[in-house]
Amino acid sequence: MEAFFSAAILCDQLINGLTIGGIYALIALGYTLVYGILFMINFAHGEIFMFGSFAGYAALTFLLQHGVMERHPLASILAAFLAAMVVSALLGTILERVAYRPLRRASRLAPLISAIGASIFLQNVMLIIIKGRMQVYPDVLHETFFEIGWFSISNFQIMIILGSFLLMAGLYLFIQRTRIGRAMRAVAEDRSAAALMGIDVNRIIMITFVIGSALAAAAGVMVGMYYTQINHMMGFIPGIKAFTAAVLGGIGNVPGAMLGGLFLGLAEAFGVLFMPAQYKDVIAFALLVLVLIFRPRGILGEVVSEKV
Amino acid sequence: MKPILQTIHLTKAFGGLTALSALDLEIEERLIVGLIGPNGAGKTTLFNCLTGVIPVTSGDILFRGRSLRGLKSHQITRLGIARTFQNIRLFQDMTAFENILVGRHCRMQAGVWGALSRDQRTRREERDHASSSIRILKLLGLETIQNTPARNLAYGAQRRLEIGRALATDPKLLLLDEPTAGMNPSETAELTALIRTLRDKLDLTILLIEHDMRVVMGLSDRVIVLDHGVRIAEGPPCAVQNHPRVIEAYLGRRGMTATPPASPSQEAPPHP
Amino acid sequence: MKSPAPLFRKIPPAVSLSAVILFTAVLPPVVGNYWSQVLGDIGIYMMLGIGLNVVVGFAGLLDLGYVAFFGIGAYGYALMASPQFGMHVPFWLMLPVCVALAAAGGALLGIPVLRLRGDYLAIVTLGFGEIIRVILNNLDPLTNGPRGLLRIDPPFLGATPINNPQRWYYLILAGVLVAAFTADRLNNSRIGRAWIAMREDQDAAAVMGIDILKYKLLAFTIGASFAGAGGAIFAARQGAIFPENFSLMVSINVLCLIIIGGMGSIPGVILGAVVLIGLPEMLRGTEQYRMLSFGALLVIMMIFRPSGLLPASRRRPAAAAPREPE
């Protein structure tokens, strides 16, 4: 069955691409923020995303069982987001304290291996909690489609695209305009100088993890509502893809991560028009390998200098 | 006589900062040349360019008539340039002997087959280079501690070991980056004598970055002075010492704290 | 050979080594089929561990896609010795071919990828491993996709097939000994010294005349060839292989084994394999907690004992020990 590239299909894929791209961007921001400050890849970030998704699930299920969800759907959704962001923020903080901070001065490989260990640990904690069975998000919103000219867009997609855009805009303003945001940029650029300026570096690092984790959690809830099925391994592949997006945009570069996420989402959405669906995941991996070999600085360029 | 080392309009820029600016240098064989200048003058950057650690922005480097542009560090070492580092970069977990033996690497041949089979040729090669490594240790007075891991050696021994490791690569040109830094006067005197011995015995040309003016003035045949990536003076030690631009570079126009090179008879200035 | 444990200092190394070999040689009839099977599993992981140890422990490159070479070796043999193409090339002929195939894969991947910094290298190799698995799963006409390759021929020694756990044990034991011998020889040679120097301080090593890219590529390729051999053995032993046998988990398992046992140390890798593969077998019923503990162990080891349980002992380069009283 050949895919004919009608306007309708292209528009559909555009919306799909922006939706999944927004999700990738939110997760990618976590990677890029942490890398910008600590020069390490938070390999367990995908699991923070996964835990956020489950926290949202738990919140919604709780509200469903107490009859709240049907009566106040929008409030329930917000509660789910809030719960997810809080849980993930907490998890991110603990992760940083336990698995990364002791290794700040260790060899280059040690934090990465520790992150891998944390990732495996978290995956299996969740596996034990859910007893190996995948969970399904409660149906808080019924999927409705809106037709606008050639575009067919669902309420979920509107929520995700709008939500991710708002969060990204919020993050950008936060980093550019607030005092803490400035401190974050200072620590990213020159940690010792920032410390000499009186900035509490450990606190800024913690805040970075909190923000990155909260964004990933938001993405987790979005994914949960959009795809409905969640399991303990759901963070693995999106984690790698989001990392690809961060590298694409230039690791450490915040607007870069946003652009990279959108680009990757669109590349996947349009890519499946040209190749069998099973190879979709390969698009991200192939892009990653190509970017790292030919343009490791990414599209917008790596903001912070190479650590030897 | 053709110089062993020539830089031709050598320029190195890091983004907006120019570390070396159209530098034209000539070093003759068998000389000990001192390289001095205030901090940030570009001395270590020059060493890094010469050894391929950082790429050159423009200009050329000729070593024994051969261009070094585009060559990687190990290729340059094979051609005959060796160096020590300002902050010691020995292989800390290896013994003194092993550090020297690593230096012999580029003069040995054994590959995968030799490693697996340990045939006669490989074994003979290992024996021969082990012997030459011991000879280098003896030359530097380190043979008694040859089995001590580098991290456990005294500071002075570590500095000498780094020189030994560089010598192990069989260089024709030896670049020493602040070899006497942190040493007390007697260690400094010993090392100074050693450097002169090395040049005489091993037919070396030595380029030496130093802040200890007694060492530079006492040891060097010629002195080159850099400031902000430009050569501001060159000549025999006493001529350079009294050169007005050199004094100005060290004192600065607003009278900074850096002191100008003192003559050997005076007290050595404090290490910057 | 300088032994890590003080206990063995009084016993000449030749004697202790012979004792160990003798002990391992008589195990199968003593422990029976089930445990011989387990020991065989441990042995294959040991081979993989020794190979990855060359890459990670000697040369300091974090390869998270190591399973790809394992898969290449396994599928290489399986395609040539099963009903899939009707070819039945003898195992012993295919074994070096699989090693060469995996080595070629290592070289091809290594050339573009080895210039990358540590963490990037890890992610890219991880991506490569996943790409291989997806390809194996989807290249149906060739690999039979998720249905896998079945009825793979066992090896033959003369007329005797190697088709029970005890016979396999001996074959795998031989494989482990060859692997350990090879890795040990490499480590104590000019190449090994270059690797250690490179791992400690790459720029200083380069300035000392070591071609960093060449030696990284060498480590990568040699490491891959061990996995190729292990893969061929795995395929012949299992009799049937599927793409899901070659997931990221295998790479992570092997990595865990090296890290916990001791990076850069062959006895450490052997201990790691026994601990990580053998122990859970002995403590059946705790399956779900096994991966959990792996993860926690990685973090704990990195913080408290990054060099592993049996770190590499300080060895003198081969045949060059100076005549000097210790």
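Letters A, B and C mark the chains as written, and numbering starts fresh at 1 in each.
Definition applied: contacts are C-beta pairs under 8 Å (C-beta built on N, C-alpha and C of every residue); 3 or more make two chains touch, one makes a residue touch a chain.
Quantities reported herein were computed from a predicted structural model and do not represent experimental measurements.
> Along the graph of touching chains, what's the shortest path length in steps from chain A to chain B?
Minimum step count, chain A to chain B: 2.
> Please identify which chain has its centre, taken as the mean of its CA atoms, farthest from the centre of chain A.
Computed centres place B farthest from chain A.
> Where the centre of all protein Cα atoms falls, which chain's Cα centre is nearest to that point?
C
> Counting in whole Å, what is the centre-to-centre distance of chain A and chain B, each centre being its mean C-alpha position?
It comes to 50 Å between the two C-alpha centres.
> Go ahead and note the Å separation of the Cα centroids belonging to chain B and chain C.
Averaging C-alpha atoms per chain gives centres 42 Å apart.
> How many angstrom lie between the CA centroids of chain A and chain C, rounded to a whole number?
34
> Two-or-more-chain contact residues of chain A, please, as numbers and ranges.
none
> So which stretches of chain C touch two or more other chains?
In chain C, the residues touching two or more other chains are 203.
> Within their complex, state which residues of chain A touch chain C.
40-41, 98-99, 102-103, 106-114, 116-125, 127-128, 236, 240, 243-244, 247, 276, 278-279, 281-282, 285-286, 288-289, 292-293, 296, 306, 308
> Can you check the complex and tell me which residues of chain B touch chain C?
Answer in residue numbers: 51-53, 72-75, 77-78, 82-83, 85, 89-95, 97-98, 101-103, 105-108, 110-112, 114-116, 118, 122-123, 126-127, 129-130, 133-134, 146-147, 149, 165-166, 168-169.
> Of all residues in chain C, which touch chain B in the complex?
So the residues of chain C touching chain B come out as 182, 185-186, 189-194, 196-197, 200-201, 203-212, 218, 222, 314, 316-322, 324, 326.
> Touching chain A in the complex: which residues of chain C?
My answer: residues 60, 62, 64, 112-113, 116-120, 122-124, 126-128, 130-131, 134-135, 137-138, 203, 248, 252, 255, 259, 288-289, 291-292, 294-303, 306.
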